[in-house]
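To start, the structure under review is shown below, and the notes come after it.
In order of appearance the chains are A, B and C, and numbering begins at 1 in each one.
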Amino acid sequence: MIGISTGSAFALVGIGMVLIHRTSGIVNFAQGSFAVLGGLFMVRLVDDLPSGVAGLVTVVIVAVVGALMGLIAVGIRGRTTALASLIITLGLALVVSSLELLEFGDRPHTYPAVSEHAWNVRGVVIQPQYALVIGVTIAASLLLALALRRTIVGHALVACADSSRAAELVGLNVRTLAMIAFAVSAGLAALGGLLVTPVVPVNYDSDVAIAVNAFAAAAFGGLGSIGFAFVGGLVLGISEQLVVGYVDPQYNLAIALVIMLVLIGWRSRHEVVT
Amino acid sequence: MRTAAKVVVTLAAGALAVYLPFTLGPGNLTLYTLMGLAAIVAIGLSLLMGFAGQISLGQGAFYALGAYVVGILATPADLFPKGRGLDPLLALVAAPLACALVAAVLGVPLLRLRGHYLAFATLALHLIALALIFTWESWTGGQIGLIGIPPLEVAGRTVTGEWHAAVVWGIAVVTLLIGLSLVASRAGRALRAIATSETAAAAAGINVAGYKLQLFVFSAALAGLAGGMYAYLLQYLSPDAFPLIVSITFVVMVAVGGMGSLYGAVLGAVAITWLQDRLQQLGTRQELLGFDLPVQAPQVFSIGVFGAILIGVMLFFPRGLLPGLQELARRARRGRLGTLAASR
Amino acid sequence: MSALLEVDELVVTYGPAVAVDGVSVELKEGERVALVGPNGAGKSSLLNAICGLVKPAAGRVRVDGRDVTGVAPGRIVRRGVTQVPEGRQVFPSLPVEANLLLGAYGRDFRREPLLATLRYLRRRSAIGERLERVYALLPALRELRARPAGQTSGGEQQMVAIGRALMAEPRLLAIDELSLGLAPLVVQNLSAFLRRLNEDEGVALLLVEQNALLAFELCERAYVLEAGRTVLTGTSAELENNELVRRAYLGGGLEVEA
């Protein structure tokens, strides 16, 4: 069950990575940082505000941070290359990480789960927090998919991903749209982070592991498919949890990645993997 | 610059680079050696990324593999149970060979992947390598590490300190020359064609898969060789020496120095290594500019400031330092002569 | 009254390479003008500079007398100039109708997506009317409205691109390489459509075209560009009869007398 929760968090962060990449062509190394920020802010706010409100405020704050980071990552018009943007996101992740260290220290942080009483559904014991995580993840993913296909801003975001040149010609402001993508992705990642922190405490350097998992989940769909990122995240979370009992914890991530590689390899047999 | 001119310049600068260790103090010597090691890996990676267009976030894995091969083969059994105690030079030769072999085997399925899939797969490679280091404890010493690696010995002479640094930079210079000749050759043109468009290159009859694999193997071997020399430098290995950031840093070096430029790769390697060292030192001081530094300062500095500098460099020199500086020079020249339009 | 489009001594460079070397073009309201010339002559660069995708190194672009040199593409669209880009460049993931709607949305986007969205929602009926008009002009698109644009044929994609450009209600439609990769019959139909569009709706045309014959057929005037410079200009009739033009672009000089 823990696996599904962490998997959901990976899925949300991974979906955000896909969104950013599809809109601006940037691979956002700082996706993990957004999740960690979500967790850490929540830890701070949950003392003073009811959880729901704290969660909302956290998501909004991190979304704003995300928009700012997006502005920097997109860089200077006509000058910043895709690789340069990638390294800028790396730099941003490092800066955020060091600020977290300064503010929160290097101990893991967590906050109480939504309820200590487990539900008993026909003999299956389910912790409410886990249900919350997977429930919110599914809802958020569906909402995003819907927004992209039905709203005009969603269309604009997809258009940027398809052809930024044509998008510009039509009059769309590609940079602003990239910032929107960053903001939404940051919010999603923060949501994933704050939901899973009661289950898995978060630390200033958790962003690396989360970013790698998110990248893996996103890579499952070639960084182009939200659906695949969703599935990929869950697969990662569950497979990492499954091996926890049997092998050294150092193995978890590696095994999950091997599984991911096998899956990608299997997919590539049916299509050209570009 | 014509290739012949480049070779001359490289040899001249290389001679200087090899001589330099003998003039440096002990404190700077290690740093200089590390720069050289980074340069070797960066050159190989630059060929892979800049000229063949393949991204690898896993050079650190080969770096580690080379180091551990040397560690296992060269360390005598009384100091480390599984050590083979072989001739250090032999062990050093084995390092790149082992990496080449692994790269050849893994490269076939790996290189069928493109773009982000390849980036992810190579990243995973590094993490898997780390996991293996932990698991095969008897061979690698696990978390505790592998101690007692003897120094490099060539023809009965111990190669340490300044000589070690000189050898490292010697290897770097040779690598640079090989790279230059590769770029200028027909193979180089084929590689550039592949980087521009694989389909077009394949249509032109270029053996795309073959070239990619060869280059992947070559860059892995270079990383392995550097890793081997690294083992002789530290004389002690542990997985802490090869975190994921190492692989990422190699890519950063190439990008910061200048993609598609071998000199750029060396520049990037030197600059980043120097920067990381400076920041680490600044962070360990008790106070800076009159402010008391908090206890986490070393990390905050090396992580945070490093990140900030990366952002700045990439914003102002998106193609890398070397191309950026060349562009500035060109603009300065044109400024003095006036624009083409005005001179008509 | 100033011309609809005035380009003065435009220079476009890419690093050290000069793509456009001091070209001047004029286009009046409702005219059909072509830019002809071989590959690499700088025609597309000129068009991109006019439409704001590329910043010129020197020279001026004026629409309706107003200076729009180097301005962002969105603002050019709002001044009434839209482009049908080379190779169509539709949005393949989106259904055809979404492609068209974005043509209207982009015009109102300005800087704030929020404002643009509000404006879009408020003027949904007006935009709906525009959509209907485009469907009336290009009936085939109505059939394809739900299909992802990437799953349509080359000719259909060209129609989508044209329709998308028309959704912004342009006064000047710039088309880059209309005939590229399309079957001759399809090109004929599109050409006829563009002519009708110009005559009935008064939309001016600026056609960049390698196929000189097509260009002279469709347009009244033309500029011949080579290596970034204007070498000839005149009415289509004049140019068609010009010896140099015939030999270079119309395969002339090989007339076999029976």
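Here, contacts are C-beta pairs under 8 Å (C-beta built on N, C-alpha and C of every residue); 3 or more make two chains touch, one makes a residue touch a chain.
Bear in mind that the values here come from a model prediction, so they are computed numbers and not experimental data.
Counted by C-beta pairs in contact, the busier of A-C and A-B is A-B. Taking the mean of each chain's C-alpha atoms as its centre, the chain lying closest to the overall protein C-alpha centroid is A. With centres taken as mean Cα positions, chain C sits 49 Å from chain B.
Note on chain placement: the centre of chain A and the centre of chain C lie 41 Å apart, centres being C-alpha means. Chain A and chain B have Cα centroids separated by 30 Å.
Residue positions of chain A in touch with at least two other chains are not found. By the touch rule above, chain C contacts chain A in their complex via residues 51, 53, 55, 72-74, 77-78, 82-83, 85, 89-94, 98, 101-103, 105-107, 109-113, 117, 120, 164, 168. The residues of chain A lying in touch with chain C in their complex are 78, 151-153, 155-156, 158-159, 161-163, 165-173, 176-177, 180.
Interface residues of chain B facing chain A in the complex, by the touch rule stated above, are 109, 112-117, 119-121, 123-124, 127-128, 130-132, 134-135, 244-245, 248, 252, 255-256, 259, 294, 296, 299-301, 303-311, 314-315, 318-319. In the complex of the two chains, the chain A residues touching chain B come out as 21, 27, 72, 75-76, 79-81, 83-85, 87-88, 90-95, 97-99, 101-102, 105-106, 208, 212, 215-216, 218-219, 222-223, 247-248, 250-251, 253-255, 257-258, 260-261, 264-265, 268, 273-274.
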